[in-house]
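Each chain carries a letter (A, B, C and D) given by its place in the written order, and its residues are counted from 1.
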Amino acid sequence: MASKDEFSFSYRLRVRWAEVDRQGIVFNGHYLTYFDVGMTEYLRAIGLPYPDGLLEYDGDLFLVKATVEFKSPALYDDELDCHVRIGRIGSSSMQFLFALYRGDDLLVSGENIYVNAHPVTRAPAPVHQAIRDAVSRFERA
Amino acid sequence: MASKDEFSFSYRLRVRWAEVDRQGIVFNGHYLTYFDVGMTEYLRAIGLPYPDGLLEYDGDLFLVKATVEFKSPALYDDELDCHVRIGRIGSSSMQFLFALYRGDDLLVSGENIYVNAHPVTRAPAPVHQAIRDAVSRFERA
Amino acid sequence: MASKDEFSFSYRLRVRWAEVDRQGIVFNGHYLTYFDVGMTEYLRAIGLPYPDGLLEYDGDLFLVKATVEFKSPALYDDELDCHVRIGRIGSSSMQFLFALYRGDDLLVSGENIYVNAHPVTRAPAPVHQAIRDAVSRFERA
Amino acid sequence: MASKDEFSFSYRLRVRWAEVDRQGIVFNGHYLTYFDVGMTEYLRAIGLPYPDGLLEYDGDLFLVKATVEFKSPALYDDELDCHVRIGRIGSSSMQFLFALYRGDDLLVSGENIYVNAHPVTRAPAPVHQAIRDAVSRFERA
């Protein structure tokens, strides 16, 4: 799972001192922050900068499930490539897949399921066709 | 899943301003911090304060998989009860289950799988019998 | 400076694993979070829970200057007492003083200057008399 | 104070969603993280990557005083330039100066005083001549 070849987008970030714990490794919760940064940059890349690009279609994303697998720890000052893609788009949900690499080593992989919801009422809403189009345009390119 | 009755331990914490994002809800990565605090307090309660109680048996815990389900968001200043228990203990792994409640409302549930490993070599190692005993003593009580 | 006797309020918190860095000590930025938690609890104690107690008087607090002195580091799992008081109240500003102790040892002290501003326009506004009264009632008690 | 012209080094970073609070602005403690990232990159730029470049001379840096002035808030997704320089080097201390800009707007400035100490004993130690030389070489260039 989570081979680099499955991803057409990645974002580079560097591990901060404040993110590393006493074991000398990145504290687990910060990987969700890395994935969030990766999602932000992915959405910017496909022309839908978060959150304005989605708000334009009366949508916002709320996380409903996160699954993270830790193969090998990231260390202080590591340069990491956060690979991101959208796996499935359901009627009102979007699955994001993440794979965090240091060079050729897969460190952490993840899957986030978001519900698309109205920004104010937070009631689930269909993912707008314009968003589906932007994703398939980007992933086909 | 994750009914309060399945847990004999919980730890109360209060949502900090710094943990709440622009949507007015706790940023998702912080729930892993809450679970980590809950695990720390659980281990203290069963007489194995982290990490010294485990190091005594040449063990340390490294997270290998986290699964988090978000039902409803926690808000600034909420008092939350983080319910914690150990579900399964494998030969060299431990499953922790978490359920975060605000009053009677389940907000977020989670499952963390840790591998027990030697603190220095980080090679997986059998979970010591003394740890198994401490857990079953506590959960039976 | 920052003797315990100068404070009539303190709030206890425990250092989390996620807050400790590779040097084994609390990362410096987290002390501002501890002070923020202390301020929140102080305002609750004097009957003006943040932010609603201030919003009622069309005020909100924005930090303009923070000064932190680090005498000795806090460590993982330390129980800390965050002592808090309001030093001066200017026409549209409030000075908060903080002293973080572990038992009788002063670890970190701080001074935060906040400007009181309108919550929407963020234009500085006089500190309401009701807030001045709540503070002096509490500190005199 | 803190004009851009006084700095020969800056590092660009982008505000993360997780760093922005309910007021829509970066939570104050995160600015110390930004400064820490800036210091790390400054030390890399002068050829003394933290911490190994200092450990080679039996030194490590421990923060003793931080002063932060908040002129204007950073917002979600802002691109910020963290300007960094070393102001004074005392016998066993180093003063770092920081100025965080968004374009031409100074948002936050800061001064961190570090003591140079032995990495294990943490006893203050003279700043090694090789470090002084690296700084003056870089700042003169």
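We take it that contacts are C-beta pairs under 8 Å (C-beta built on N, C-alpha and C of every residue); 3 or more make two chains touch, one makes a residue touch a chain.
Predicted model, so just to flag it, every value in this text is computed and none were measured.
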Between A-D and C-D, more C-beta pairs in contact link C-D
Taking each chain's centre as the mean of its CA atoms, which one is most distant from chain D? B
Per the C-alpha centroid definition, the whole-Å distance linking chain A and chain D comes out as 29
Length of the line joining the C-alpha centres of chain B and chain D, rounded to whole Å: 35
I'd like to verify one number: the distance from the centre of chain C to the centre of chain D, where each centre is the average of its C-alpha atoms, in whole angstrom. 24
Give the residues of chain B that touch two or more other chains, as numbers and ranges in rising order. 17-18, 27, 29, 33, 36
Of all residues in chain B, which touch chain A in the complex? 23, 27-33, 36, 60, 62-70, 73
For a test of understanding, state which residues of chain C touch chain A in their complex under the given definition. 17-18, 20-22, 24, 27, 29, 76
Within the complex, chain D is touched by chain A residues 16-18, 33, 36-37, 40, 49-50, 77
